[in-house]
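Once you scroll down, you'll see the structures, which are given as structure tokens.
Across the two complexes that follow, subunit A remains constant while its partner is subunit B and subsequently subunit C.
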Partner chain A sequence: MADVTMRVWRGDASGGDFEDYTVAQNEGEVVLDVIHRIQATEAPDLACRWNCKAGKCGSCAAEINGKPRLMCMTRMDDLPEGPVTVTPMKTFPIIRDLVTDVSFNFAMAERVPALLPPPMPEDGYRMFQEDVERGQEFRKCIECFMCQDVCHVIRDHEENKQYYAGPRFFIRYAELEMHPLDQNDRRDYVRDEMGLGYCNITKCCTEVCPEHIKITDNAIIPLKERVVDANYDPVAWLGRKIRRRTKRTATEAGVQPAP
Partner chain B sequence: MAAIESATKVELGGVRGGPDVPTLRKDRWWLQPVVTVSILTSFVVYSTWAAFQNQNYYVGAAAHRDLISPFYSPCLGNTCVPGSGSGFAIHGWGWSPALLILIFPLGFRLTCYYYRRSYYRAFWWSPPACAVADGHGSYSGETKFPLIMHNAHRYFFYAGLVFNVLLTYDAIRAFRQPGLGWGVTVGTVVLLVNAALLWAYSLSCHACRHLCGGGVKTFSEHKTRYKIWKFLTPLNAKHMNFAWASLIFVALTDVYVRLVASGVLTDYKLF
Partner chain C sequence: MTTSPYEHHEYDVLIIGAGGAGLRAAIEAKQRGLSVGIVTKSLLGKAHTVMAEGGMAAAMGNVSSEDNWRVHFRDTMRGGKMLNNYRMAELHAKESPDRVRELEQWGALFDRTKDGKILQRDFGGHRYARLAHVGDRTGLELIRTLQQKVVSMGTDVFMECKVLQLVHDESGRVAGAVAYWRPTGEFVTFAAKSVILASGGVGKSWKFTSNSWESTGDGHAMALWAGAELIDMECIQFHPTGMVWPLSVRGLLVTEGVRGDGGVLRNSEGERFMFNYVADMFRAETAESEEEGDRWYEDHSAGRRPPELLPRDEVARAINAEVKAGRGTPHGGVYLDIGTRRSAEYIRRRLPSMYHQFMELAGVDITREAMEIGPTCHYIMGGVKVDADTAATKVAGLYAAGEVAAGLHGANRLGGNSLSDLVVFGRRAGMAASDYVEGGSGPSGFDWGEVETAVARALAPFENEGGENPYDIQRDLQEMMQANVGIIRTGDEIELAINELETFTERVKNISVKGGRAYNPGWNLATDLPSMITVSKCTSRGARDRKESRGGHTREDFPKASAEYGTFNLAHTIAGGTWEGQITTERSPLLTMPDELKSLLEEGK
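== the complex of A and B ==
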């Protein structure tokens, strides 16, 4: 098969630029194969993160021709003719070449109020299949953070990182809110502290998700609707007043910070 | 609820990698915003023009038909053409009766989660496409007025249901052919398809899915709501299709009724 020109961004926090590499491209190869060939031939110091090469670890997330993608799951023959541009994820600080510092996500992960189950009954907890299935989709997340990368709320507005958890963590909040054993009520928290209102439903997170999780339809919008239940629905508010209930039903809502 | 103190502070201002350009995308990312702007602008221009016309919105007994444009149903003004009135008139309203009602379907679509995605991208460039730079220097999303009003979507959904019932009633009435009995005309089919698409759009709505079952904590304790949620979920996946189809068809329905009412077209009887 013909050679291909790869335009790879090389640099670190002090600056950088594109470098062109023309290397062989074999049938069936993915972008990560070609990056490895560049490392093996022309640029042994080219930094990139990778691990499973099977689309399950999320390590090799980068931007290919300007779109966040896993390098190991992007076939070269699916890309248009011409040079292929490979750049690091834009939203996160650069470490070197294609490697970024994604610790913003770990900070946000620490802020998620943990599952708060009721005391264990004598015969143990019981969950029904329909309740188990509901959160299954969210647990497919491989934490590649491409949804965080593509989300314009922080991609184009660095200052919002202080107040915005991002799509990856909204699916975590949704999973917990839909967990039948969880007694925490995170609705005010995701609105006031985690910036759910910043999301304007542009669905880019769903478009780039390699696990095809319906992040917007099944997590963010249901969370937004729950926030409406708690804060913007006068009928629901009146119902709670009449029934003398807290926002959540039987159990007093409480918060259990992450350890 | 007390705020959760994070052990790890979010560090801002790190140096980002890659070139400082709005986008590196090579595909035709601009095509979708262009199509969206074209269709939505055309619809807004046409519906505004149609709403102010205040004529040719009803085909009545003189033509042996009972067809009313969805833009004018229910006709609540006291200037409604004979036969088109809803039986309830707001006296003193001298403008087009369409102006009284269009705020509800307009509000439903304006606050719709799918349309928000479309017009934020196409009109507001926030962002114009995925991985293409936002067109604004600062961004507060839907946290402030007026965009925080999107949280009223479910009330427009309720209002939309009322209109769906009325437009379904109009479609059933369209089977009536005064002076001739009952039958099916092209107009009947048009009104029926219009009502069906509007129902599909409403029932596939995200707020509907939440209110019918998605809002419960445990499906296992709400079997009926779980079944409704399961029925609505595949519809919800097609919400975009229903949004466009119903938007375009409601305009085409008005066009058809308008052309028949003005004598340009004949409403052919099918059987």
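== the complex of A and C ==
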């Protein structure tokens, strides 16, 4: 097979530039194979993050010809002829070369109020397949953070990160909201603290999801509807005022320890 | 205590590794109110646990009501060819169901039976449908559940931080560890009252492997250097079904769930060859004809299990023999066919990751075409010798759980017994380490000399001029181990490997790395190589000394199991606490099994 030119961004927080590497390629290879070949020969210090090389861990996300992709699942022969550019994810600060600082996501994970189930019966909980399937779709998430990378609310607006959890965490909140065992209510929290309203459902996140999770249709839109229901349904509003709430608001609920 | 010249942290319990075992151990120690630090080479949630596909074995009896811990114990011992630590197999079989159920309290969503219980699937070597699962991504479910629990408890996690070696106090108790941050290359020290190793496996020392870059045997090597014993290091599981094509994904795992859900193996002549490879030990419970095997898939009481579901070592050897006999596929594997046996809808629902993996990486639609598969290095049964109840090693304050520990699986691990191993013994390690800390028997100091030695060694590749590229050494090591200590072994080749490994030791001392310390994969690899070579030495020595074939150790020159060799493990220790030290390999007798457990092994034979 013909050699290929890889145009790889090299640098760190202080700046950097593209460097071209012309390397051999073999039948059936993915972008990560070629990056590994560059590492093993010309540039052993070329930084890239990877683990499973099977599309299961989500470590090797980068922007290939400008689009967020998993390097391990992008076949070279699917890319157009000519040089292939590989750049780090744009939404996160650069550590080095193709590796970014994704700690924003781990900070958001710490702020998720945990599942609050009822006490477990001795022989375990009973749940039904059709009830767990909705959550299972969201739990396919491999945390590659490409949906966060492509989300325009934070891609070009660093200042929004403090108010906005992003699509990865909206599916997490949707999963907990739809979890058959959960007794927390995070609807106010996801609106007030996690910025659900900033999302204007352009579906960019859904398009890049390597697990084909319907982030917008199955998680964000239903979550928005639930938030609306909780806040603008006058009957529910009145009901909450009169009765003591059986469900806590998420900020209260968030401190409830799970067993 | 001397002031550290580096970033320094102190914990009651330090956990090295953030896969299933490490996270489960952390939960246990956190629940006891102790301070816990977890150190991981990667980001949180990326550990090799995510690669586990098929499920976690637990005798809950939700699908087969006949199932119970006794049968699970028996299956585990027989699958391990009786080299197991019986007490670990007993505890594991008894405790797995509770460990699976508790995951649902923390948010796991397993597939369900019609009456709403956790669904269980059939797997190789398990007499009954026993694997709790979520499609074919059970490992991801396990790690995400534990990760979310650990995060909600406010645990300190040091991500992308590589531990170089353990540190002792002056009396030889473990006192912590020295590590470096991969993003910056800066060193960091941890003083800890107890340390739990949960660092996973060693598979990256072989060329065709399902393991990620992380599986370099760091925990195995660290434990050995620190004074612990390694056992059963010759017992390496070559998973029968790895992808063989394209070459770049050779070794990538294809879940055993494909066979559990109806997939069969065929050679290039279309023959279901596994019927020709049923060992005497499994004859009574294995189907004799394709018709009987197929009946079993429809109704388990209408026939016996098909031979495709024999334990992994049996299937891997059979595939190897077929390819060697010239009945392999164009790319040197055999065919795994589910497309002609199940509907496309069923396959996509039960095996979604496999469907995508083959579609995207090989351009093969598994609902219509057969997969080409062959054995791939997958798991090491051997590891740190531990006490069954406490996961304690020989070194005071040091515990080990998960793949880095040995004993539960004997000479061969059954599919599904790994995920349950992680949570059963992760929890036990967490409990025992906490007891040790609460009992006040922690270390009385911290040997800074060990820290300085480790730091100097780690930095040496920057000082060397004109030395070797670490990637060249890694590639040569992988090819050498694949060729000489692979799935089928002979005495001559093993001797060759043992000699070669001495050369590798010298080559590692002469590594040069380019660039700085911040996120430098070449340097990171240079610091992994001493572990890879240390564990390869133990594997080779064990393979040389075990002059028989048993489970994940097959000797062409000693093709049968020997009763004598079935009475001991091979235990390795190292002199001088350094990786260049002389390794000693000795026979270590198996524990004596109580009669009531022995009698369980006879049942249903």
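Of note:
Criterion: the second predicted complex is superposed on the first by the 227 of 259 C-alpha atoms of A that agree within 3 Å, B and C clash if a C-alpha of one lies under 4 Å from a C-alpha of the other, contacts with A are read in each partner's own complex, and residues count from 1 in each chain.
Just so it is clear, a contact is a pair of C-beta atoms (placed from the backbone, for glycine too) under 8 Å apart; a residue touches a chain by one contact, two chains touch by 3 or more.
Keep in mind that what you see is a predicted model, and the values were worked out from it rather than measured.
With subunit A as the common reference, the superposed partners subunit B and subunit C fit together side by side.
In the superposed model, A:Phe128 lies in contact with both subunit B and subunit C. When the shared chain is aligned, subunit B comes close enough to touch A:Val150, but subunit C does not.
By the document's definition of touching, both partners, subunit B and subunit C, reach A:Phe106. Contacts of A:Cys52 after superposition: subunit C is touched, whereas subunit B is not reached. Once the two complexes are laid over each other on the shared chain, residue contacts for A:Glu159 go to subunit B alone; subunit C is not touched.
Of the two partner chains placed by superposition, only subunit C is touched by A:Pro44; subunit B is not. Working from the superposition on chain A, the subunit A vertex angle toward subunit B and subunit C, CA centres, sits at 140° in steps of 10.
In the superposition on chain A, A:Ile94 makes contact with subunit B only, not with subunit C.
Put simply, more of the residues of subunit A are touched by B, taking subunit B and subunit C as the two choices. Once both structures are fitted on chain A, no C-alpha atom of subunit B lies closer than 7 Å to one of subunit C.
Counting contacts by the rule stated earlier, residues 12, 97, 101, 106, 110, 112, 127-128, 257-258 of subunit A appear in both its interface with subunit B and its interface with subunit C.
On subunit A, the positions that touch subunit C within their shared complex are 12, 26-30, 33, 39-41, 43-59, 73, 75, 95-97, 99, 101-102, 106, 109-110, 112, 114-115, 117, 120, 124-129, 132, 135-136, 139-143, 176, 179, 181, 257-259.
Within the complex formed with subunit A, the subunit B residues making contact are 1-19, 23-27, 113, 116-117, 120-121, 126-127, 130-131, 133-134, 138-143, 147-148, 151-154, 206-207, 210-211, 214-215, 217-220, 226, 236-237. Those residues of subunit C that touch subunit A in the complex are listed here as 42-46, 48, 50-51, 60, 101-102, 104-107, 109-112, 115-118, 134-135, 137, 140-141, 144, 148-149, 151-152, 154, 159, 183, 212-214, 245-249, 252-253, 353, 356-357, 360-362, 469-472, 475, 513-516, 518-523, 525. On the side of subunit A, the complex with subunit B involves touching residues 9, 11-14, 16-18, 63, 65-68, 80, 82, 85, 87-88, 90-94, 97-98, 100-101, 103-104, 106-108, 110-113, 127-128, 130-131, 134, 150, 152-153, 155-162, 177-178, 180, 185-186, 188-189, 192-193, 195, 197-204, 207-208, 214, 216-217, 221-222, 224-229, 231-233, 248-249, 253, 255, 257-258.
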